[in-house]
Structures are given as structure tokens and as C-alpha cells.
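Each in C-alpha cells, the structures are laid out below.
Two complexes follow with chain A in common, the first pairing it with chain B and the second with chain C.
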Partner chain A sequence: MPELVATEQTILVVGGGISGMTAALEAAECGKQVILVESSATLGGRTALLYRYFPKLCHPTCGLEINLRRIKASRNIRVYTLAEVTRIDGRSGDYTVSLKLTPRYVNASCTACGDCAKAVAATIPNPWNYGLDRITAAYLPHAMAYPQRFVIDPSIIGTPEADKAKAACRYGAVDLEMKEETLTLKAAAVIWATGWKPYDAAKIQPYGYGRFKNVITSVEFERLADPHGPTGGRIVRPSDGKEAKDVAFIQCAGSRDENHLRHCSRICCMASLKQTRFMREAFGEAAQSTIYYIDIRAIDRFEDFYKQVQADPHVRFIKSKVARIEEDRASADPVLHGVDTEGYLRYANRHDLAVLAIGMEPSVRGSAIPATLGEDSSGFLVPALDGAAIFGAGCATNALDVNRAVQSSTAAALRAIQVVNRSARAET
Partner chain B sequence: MGAPNELNLAALAKYSNDFLREVEANVEEGEWVKMCMQCGVCAGSCPFGPDWEHSPQKIFMMIRAGKRQEVLTSDSMWMCTSCYNCVVRCPRKLPITQIMHGLATYAHRLGLAPKMQPTYQWSLQFWDNCTRTGRVNELKLTLGLYFKEGFVAGVKKAWALRGIGFGLLRAKRLNPFELIRGHECKDKAGIHRMLKKAQEIEARRLKIPQFKTEG
Partner chain C sequence: MAKKEYAFYPGCSSQLRGSASNYLTSVNSMCEALDIKMTQIPDWNCCGASIGYAGSGELSRHVLNARNFALAETHLPGQDVVATCAACWLGARETKEKLDASSQLMAETNEALKEAGLRYQAKVGVRHMVEVLIEDIGYEGMAQPIVKPLEGVRIAGYVGCQTNRPFGIAGESFENPMYLDKLVETLGAEPLVKYEQKVTCCGGALAFSEPEKSQKQIKDIVESAYDHKADLIVTPCPLCQANVEIYQSEINKRHGTKLDMPVAYYSQLMAVAYGATPKAAGLDGHVIQPKKLQDIAVKVVPKK
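Then we have the complex of A and B:
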């Protein structure tokens, strides 16, 4: 049983993406005790799964690396991965929180040498590449993973594969006897930063995602462009592995739609604009991107980025929400059907690959959080009205880019710090 | 065209330049038109898309642009087959099919519907046929359609489709005696009273002096 570290002055941060990391750091660097709880095996969240991020097109390493270093350096933050909050009771300044810790089957002696992975043959769909490839069932999530510690997938526990992993480890780090644990702790305030997930593209029936191989989502495209991704950074078609030099980007896939997500996901216009740059980087003069849009929402200072992409002769803009996609049987090319609003012209355009600029929805709906919190009509968290010290941060509260997610998390940290200060004063 | 329709003149005077307001006030589900965001999904989803003059998307924009004459005389509303493809896909959930039929009804009421449009004529014939006796007389309805363009054309068309005709006869789906008398409702007068009352209620609801049915 892990030692009980928290006190009434602790801030609990749930979700270890860029938002949760930011909130934890801001609070810790102000001298507060922080517990950071992440449900997956690593910190970093979905930002770590981007190839590069707008507006400056830096690699996510540059933003995450520094935060990870700050977390390692801080004595005030304790991180739990593979951990989930199952219960929150109490009130502002005095919460009792239950955590469920899922076994990793690898203890702190792991040096990330990777010998266990070499010994194991069984594979699982790779969640860090949105299932586009497979990884061995003993794995390190990705190069940036924190902690740098391998995971044995529960699917091989009890099989000879797990024994092979254990035998291969020279440091005695593989511990197949680990069990699920529960942990109860105290906290003055909670920051809820569980982020977002891509909308289920298969629900947008006329686009044929899941039926047509060459219809993928923007998060998958991000992985294709990444040298650490499933194709080693080659932008190729899932159907035949040929280079996808002519790509259609379909905006508002699932967003701004009463049949799917009501809200504008806010980042997907910028994501597609950015991805046209990946195309140019990969194929130079041979790249052809076409963006099908209702209206381009490059918010405030991103307008400059939009202007630059507009000036690129290798990017075409068609003002139209695509009505449906058809697959050409012989070539597996996606053929897009719709009407161009500028001139009301009907089109049937063939491309190598269609990328759905998929909408964002909260990964945990406000109503599903183990505490009484409200949600808006899309399920994003809204501030508690009953004076609770549970604060939303980042994409758990709205569809936000990294910059805005960080701002929102700093705000949440400030609110939590105030609660801790108030309860500390009341005690003395 | 005949004499200018008084309702049309009255509507023109009342709404002068604001066709959107006119549609909102007079067309079934017309208040939805302003919700259209011109995404084009309905236009691209319509199976008749390439064959008609104005897609729903275009019609809605034309309404907002005040293109009254073009909208009300358009053939598009009469081409809608009520497949509801657009309705299930519209991201703003506009009841597009209903609006299209609402516009058709309104255009007809104002006497602006395209007189030679085949589905328009068919609608009138159907209405006349089924309200006369309270029962649809399919034989008369079909023959009326065949001979619409004159005797020779009618005979030609009937001859071309004779296989289907005899098939229906054999299957007892077609009764030749319908041509002479035809079956009707027990209380024909009652049906007529009911229809008249419905029209009065409709006229009151729409605040129009009188609901005119042509043809």
C-alpha cells in the first residue's frame, strides 16, 4: 500500500495532459502540495501525439520536455499514473478522494532498457498511434513517456508471454504479482483536467469512415506525419501504402452539427491549415491539399497563419460542407460529393486520401465525474455553483488549443491555491 | 397566367422588400429559413440535385436575398420527392422537406406556381380526383395523365404501357368499370363539408381572406 501523502492542504489534479501538468506545476511552484493523477501509463496527454503544433510548428517535445523537467525537479508533486479517481466526498477545503491504482506489472527498478519488449511476441493495437499499428504487449508508450518505465499489458498476464518478460528483465523490475489497489487521500481542492477525445468518426455515416480505407481522421494524419508514428513519417494511404500527395481535408467533421457535436471544436480549422504544411514538407511541389470548409475559423492571432496558407498555390479552398464520400472500387480513391457554395457548383472530386477534421468531445463528461458538477450541452464541465472547490481546466471545459488550455489551467491553479490559503488561515 | 392573383398583390404590398419575413409568416416551417448556414449538405445530398433549378440551399439564400419572383415561380419545390435525405443530414436540423412543400403550397396559393411543371399538374389532378368522390379513381387519374398532351399522345402512351395495364387487370388491381362510375365514399357530401371546414380553419390561421384552390 503506497504511503498516505496528502493532507488537507493538498491540491489534487486529475488528468496529466498539458493542462493537468500546467496546473500541477503552477500550484507546486507556489509551494503547494500537489497530487497528479493520470489514467494512462504516461503524462503528456494528446499533445504528445501531435507531430508538430501550431502556430510555431514546434515539436511537442519542446513544450512537454520542459514541463517534465520541472515536474521531476519539484518536490511538491507526486504523480500517479494508471490511476483513476473513483469517488470525491466532502466540501471545499476538505475532500476525501478515492483512487483506484491499476497494476503496471513493472516496478520502479525499471531502467527502460527494453529487454522485456524484445522477449515478448504478443502484440496489441497501439493506442498511442490511434490503433494504426501494433506494439508488443510489453511497451513504453512513447519516447517522451513519463515515467520512463515499461508497462506489461494486462492481456498477457497469466500467459507464458508474461513469464518471458519477467525472465528477460535483468533488474527484477517485472512484478507479475501486482494487484489493483485503492487509496484514500485528503485534498483541499480538485482540478479536473481530463481533456478530450476525438468524436467517433464512424457515426458520420455519409463519410464512410471505417468502411473506406482511405478516409482517416485528423488525429491519425498527425501520427502519419510523425517520424515516430506508424509509417515513420511517410504520408501514405492505408489501402495500398502509396504516397498520398493529393489530400482532401474535410472541416467540421462531427462539429457544428445538431446530429453530432453541437459546438465548434475551434482547433480543427487550424489543425488542417497546419497539416497542409506537413504536406508541403513531405512532398514539396508535388503536394496538393484541398480544404472543404463552411467557414475558416482561425481565431484571433492565428489569422496570420491562415493568410500564409491561403497564399500557398498548393492549397485549394472549397467553400462547401462535403455531403458524402464514395469509394472508387478499383483505385480505393475517395470521391467527394457536394456543392460549392461559391457559385453553387456541383462537384465530384477524387483524391488520394480524405482526412476528417474530427471534432473534440470531453473525454469525461461533466455529469460522469465522481462529484456533483455541471456540464454544458456538449458535456464540457461548467463551474460548480454550490461553492465546491472542484475546478475544470483545459479541454475538459472547452475545445481549446494548447495555448488556451494552458491559460485555463493557470486560472484553475490560482483558484485552487486560494482555497488552500483560505483553509490554512482558518486552521491557524 | 390569368388575372393577377389578389393575394399575391396583397402580399407584395404588405411585405414589399422583406421576402424572408413573408416566408416566415406564411410558409409552413418558414421561420426555419434564417437558421440555414449555407453549408451545402442538402444540395449535395438530394438525389434530384442535378436535375432541378434551385437546390434547397440556394432557395434559402434566394429567400434571404429577396428573390421573391424567382423563388415562387421555381420548379424546385415541385421536384422534391420527400426522400428526407437532406433533413436527416442538415447540421442545423432544418425541416427542409416541409419547407419545400410549404413553399410549393404558398406559390400555388398566390397563383405563381409554374403552370406547365408536370408534378404541379399532377398534384392538381390528384387533388381534384380524390376530393371529388372521397376516393382516388386510379383509372381516371392515369388516363387523365396520359391524355394530357392530346389524344394521339395519350393512345401512344397507353399502348406503350399496355403490358402493365393488362397485368393489373389480371391481378384485379384495375377495374375497367371505374371509368363509367367509379366507387365513392358513403358520405360524399360529408367529405366535402369536412374539406371546406379544413380550408376555412387554414385560412383563418393564415389570416387570408379565402383559400383558393385552382384546377
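Then we have the complex of A and C:
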């Protein structure tokens, strides 16, 4: 049932990660009406899935929590989760946008008490831990989730499991009759901040991701280190649950490679350097990290962080693009093969765990988005040339860390504000 | 009429007294059971493998293959060229891709073919027998004629390089292709999916010129099969088959090992499963006897 919820003064922000939240807040706090649309069940995006971010090793609760508080406090922002933009028509200052709302099967009466999760036995792979563990099919995405409202997974709808969830709810919040809805609204400008996804590591076939249990990605390692993660913060091997004290970090896993991603993903060097600190934190003197790299790109002010890690005797640097990984059959240890280019020495190094510093691929790559934006050879969005008021922001436009994504989003917010101001002037 | 028809390019190793003549025998049995009609391209010539790369230059290598294509287009119109040898397929497929992409190379090639009164029209498809099985027949289709499932036989699928890189079988991984495992499973045998030497180089032509190096490769391939308790190794490539089987005795002399691992073609497995006699499945062409297959092949089962 289409209803008009916005005027041409409104800015639509697509994507509820750190970039979209930032753009929405900047615009809203300048007095603009904002609609923030997120395709998953919660705001926070990939930032919420980090254990800590570089360079100050803050927990993401810090940055996200303050942003969530600002969103709750703002009367100018309306948030839609489980929502996708399916169509944008019109022109700068006057867009008509179609939203598809996927049912959550839980209404606003939810108090996040968790009784439904206790009642349901069915489980699904936990997307918030990159599938490393399973959660019940009635779940709160994570501790920082916004809205703090449970979700009933569509896989149990129509089964007795869903009825159990409904019966367990004391607040009448479980509504199994919810249907997909379409919403039409107006906006003056659109900010496209749909972020990134980790490159599919299985495509880097010589590294055996998916075949060898003890080859994981950097985003998965982040979940292992996190106390809210699948292992409660214990850095252990997927094959046998033993502590992974000797870890190989493989840089440019997918990035800077014509066979995979052409671009430098920019965050991976710092992510691995940071993760060597997690190793020290977990295992102290027993920690051993080895970074295999082409060159370390700790850009501008991150050089200090790199220097500190270099000074750590428990971190070894090997200048080499790892050629392949094989698995030792008895121990399931990954054995890395390649050539150390400093001396041209071949190696066959055994580790407890290999972490692929996985490249950053724009989420929009290969999908037809309903917006007139171009894309570069890596699939990142480039500005429209037709004068459209649809602006890319954050990792949808480039490989960026949190800090730079926020800068990019602030810039996009300003562009959108200018459009609103122009169209407002034209009307008065 | 047969269900499927192809222009067959057997290649030199399948010829009488060639190292893979038993491959040809088993392919014939397999195709008969699957109702596939393979017609040899009349007067086919060498694909230019090995020697062609070493000495003769690019154009003559492409002309060699293009002549086979032109003959197929003339005598067997509308039929894909199908090679059973991995090297033939690789060379022929390379020629086809290069000619189809370069009008100049095409013109030069046809200039040369004109001397023989032939012309390559770029109509013909070039495929490996394995592609035909997977894409045209399908695993279900391959299961149809089975009368003797290869129950209890543990088989290491050794793919080698030539059906794998650079073209590969569509949809397969280069590092861990699964098609042989799926085929083995289809035939009722036990695929050793964890066999990690699937795509290791067998040494190829270096078996002659660098025996120590190639035998190191072969030793790894065979020993890993033992580690996984394989009864035999299966391969889609005549050179892999020859190298891996024949040199085991030399490795034994050199290293004091006791390698005795049979190496068979996928087509032999299929022929046996389809009820062929040991001879019709080409099981008489081995240096190391594929005992398990022979036992199954001599078993008498009631007709389906």
C-alpha cells in the first residue's frame, strides 16, 4: 500500500553501515529530513563485526554507539531495515523511489527479551560471524543491533518452529502474518552507501580456502578475536579447536591481482598489522605472527603503527607473494610455499593457521543498481555525468577504512544538502 | 541412428601399438554402451604436440590442427571434433581459439591449406571426450548402462594438467577439479576426494630428458594414492597414464620402494561398469595389472 512519507526535501540514504549512518546524521543534524534504508536487519554494517579498529584499537562499540545515540535522538531520521531500493525515477530534486520491505515477523512491541530464541530449536549459519557458528532461527543480530528487535528467519516460517516463537512471546510481538510490502516515497537526493563485501576467497584457488579448514579470512579472524564472536574471543583453529599461536597473514589475498581484484584494497595491511596485536594480547610471549607481503601500505599517519609492529620480535615479515598452500595431512597445518624475494630463497613454512588478508569488493559489483551511477574497472561507483543527484559514499565508491569512509560520507551528505537547498529555493 | 555423433580425432598415442591403444579400445566399448557414434576424421594428421612446439613455429602447428578441422568440416559436417588425448585437445583447442580470434592468422592458415585443396571455415567445435561425457551425456546418462557397479574399489582421480589448464572443463576448479571424483562415484566406486596430487605435473615429455625430476613427481603422485589407500589411479590423459604407470619400476630401483599402483583411464572404468570383457575394456594393455578391475570384468552378471 503506497503511502507518501517524504517530500522533495528529503534525502534518501541507502546502506546503514558506518558510511550511511554518517551521511544520514550529517544531513539530519543540518536540519534535513532523512530516510535511511538498510537491507539487513540491523544498522552497523561491517564495522559492527570488527573486534577493534586501527590505529587506536578502539572497540567499534565506541564509534557506533555514539552514532546510534545520535540517530535515536534525531527527529529527522527515519530508519527502514530489511528494506531494499528497487527503483528510482525522476531527476535531481524530485525523485520517486520504490522500497521493498521484507518481513521481519517481529513488530515494534519486541522488548528483545529473547524468549522466542529460547523456544526455537532450529538454527541457521550465523551471518554476523561469517557463518563460523550457528544461531537460532529467532535471533537478535548482535549486541549492538539497531533496532534492538528480534528477527524470525524466513526459513522457519510455516513450520512449528515459528509457532513456538509466537507462543513464547509475552508481548504479542511475533507476527507470522507479515507480508512483503512495497513503499513509494519522494526524495530530492540519494546517497548510495552500500559498502563492501569480502572477496570470495575460494576463488584464490592455490590458497585452498574452503578445502583446508585452517585457512581463514581476515574478517573471520576478526570474529575469532572478538569476545562476542563464535569462540568467545579465543583464537583457535577451526580443524581441532587448538590455540593458533603461530599465524601466517597473507597480504593481497585477491587484491592487486589481475585475476581477482585489480585494486589495492587499502585496509588489509593495517588489518593484519592490527591482528598481530590481537595475537600478542591473546598469547603474550608465545605469539608468533608472520606477515607475507608484497609491500606494506600503511598509508600516511599509520606509518607509526607499522613501525611499532616491526619492532615487535614476535612478528616476522617475509617479502613474498605466497604461491600456494598445502595442508599437512596428519596435523592439518597449512604449509605455505613461495619464494622470499629478499635473497630469493624458496620456503615451505608450516603454521597453525593461515589468515588471508582478503580484498575489498564493492557490494554493488556485478549487480544492476537502480541508480544512474557509473562504475570503475573494479566495480566502485563513480559520479553520474548526467547531473543526477545520486551520490556514492564510503566503500561503495572506493576501498576505504572507517576513517576515510566517514570523510567520504560527510562529503556526500554536503552534496545532497546542496541539492535540497537548491530545490527548496526554487519552490519559494 | 546413434544418440550422439562426433568427428573422432584419436591422435597418435591411440594408434595400433601406441602406448594408449588400449585407451582407444575402451573408448570404443564405452561409446557403444552409451550409443555414441565416433567416426574417425579421414586421413587425420599429427596435432603438433611436443615436437610442434619445439621446432616448427606457430603457423605450421596451427595449420596441422586446422587441416584436421577442415577435413572434419568437409567429411563430417555438423559434428564436433572430439579428441580423447589431452594433449591433442589442448593443442587443437589452442589453434581454434587463436584462429577464431585473428583474421590474419586465419588467412595465413587457409593460404597454406589451399595447397591441399582445403579450407577451414571456423564452424567446427573442438572438445575432449570428458567434456562430451559431462556436458552431452551427463552423470545420470553415464549411470544408465551400468550393469556392474564398481563397488568397493577405491580410486584416486588424477586429473593432471592438460585437461585442466589453461582451459579446463567448464565450471571446474583448477586446483581441485572434481569431475573424475563425480564420475567415479557415478560408477559406484569410492572417490578419494582428499587425494591432494590431483593436478600435480607428471613430468610430461621430461620423462625422457629429465628422468630424475619427472620421477620425483610420479613418486609423489603414486605414494599419495597409497596414503589414501587407493586401489588404482584413474586419469583422462594418455601421457599421465603412461608416465605414472611405466616409471614406477624405475622408481622402485632407484629408491628401493615397492610401488605397484595400477593407472587406468576413465573410459576403462566405464567400460568395465558397462559389462565389457577385460579385453574390450583394454585391461590387457597395462604394465601394472589393474587387478580389481579385471576381477569385476570377468564376473558374470545377469543381463539387464
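The working rule: the second predicted complex is superposed on the first by the 423 of 428 C-alpha atoms of A that agree within 3 Å, B and C clash if a C-alpha of one lies under 4 Å from a C-alpha of the other, contacts with A are read in each partner's own complex, and residues count from 1 in each chain.
Quick note on the criterion: contacts are C-beta pairs under 8 Å (C-beta built on N, C-alpha and C of every residue); 3 or more make two chains touch, one makes a residue touch a chain.
No experiment lies behind these values; they were computed from the predicted model shown.
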Check: Is A:K321 in contact with chain B, with chain C, with both, or with neither (first, second, both, neither)?
Finding: first
Note to self: So in the superposed three-chain picture, is A:R134 touching just chain B, just chain C, both, or none of them (first/second/both/neither)?
What the structure shows: neither
Notebook entry, point to check: Should A:R350 be classified as contacting the first partner (chain B), the second (chain C), both, or neither?
Noted result: neither
Check: Now for A:V339: first (chain B), second (chain C), both, or neither, which partner does it touch?
Finding: first
Item checked: Touching partner for A:R256 - first (chain B), second (chain C), both, neither -> first
Note to self: If we overlay the two complexes on their shared chain A, which of chain B and chain C does A:K242 touch? Say first, second, both or neither.
What the structure shows: neither
Next item on the list: Pick one for A:P206: touches chain B only (first), chain C only (second), both, or neither.
Entry: both
Margin query: Taking the superposition on A as described, I'd like to know which of chain B and chain C A:K72 touches: first, second, both or neither.
Written below: neither
Notebook entry, point to check: What's your read, chain B or chain C touching more residues of chain A?
Noted result: B
Next item on the list: For chain A, give the residues common to its interface with chain B and its interface with chain C.
Entry: 206, 324
Margin query: Touching residues of chain A toward chain B in the complex: what are they?
Written below: 206, 252, 256-260, 294, 320-324, 337-341, 344, 346
Next item on the list: Going by the contact rule at the top, pick out the chain A residues touching chain C in the complex.
Entry: 205-206, 208, 211, 324, 326-327, 329
Item checked: Of chain C, residues touching chain A in the complex -> 173-176, 194, 196, 227
Margin query: Could you list, by residue number, the parts of chain B that touch chain A in their complex?
Written below: 37-45, 49-50, 55, 57-58, 88-93
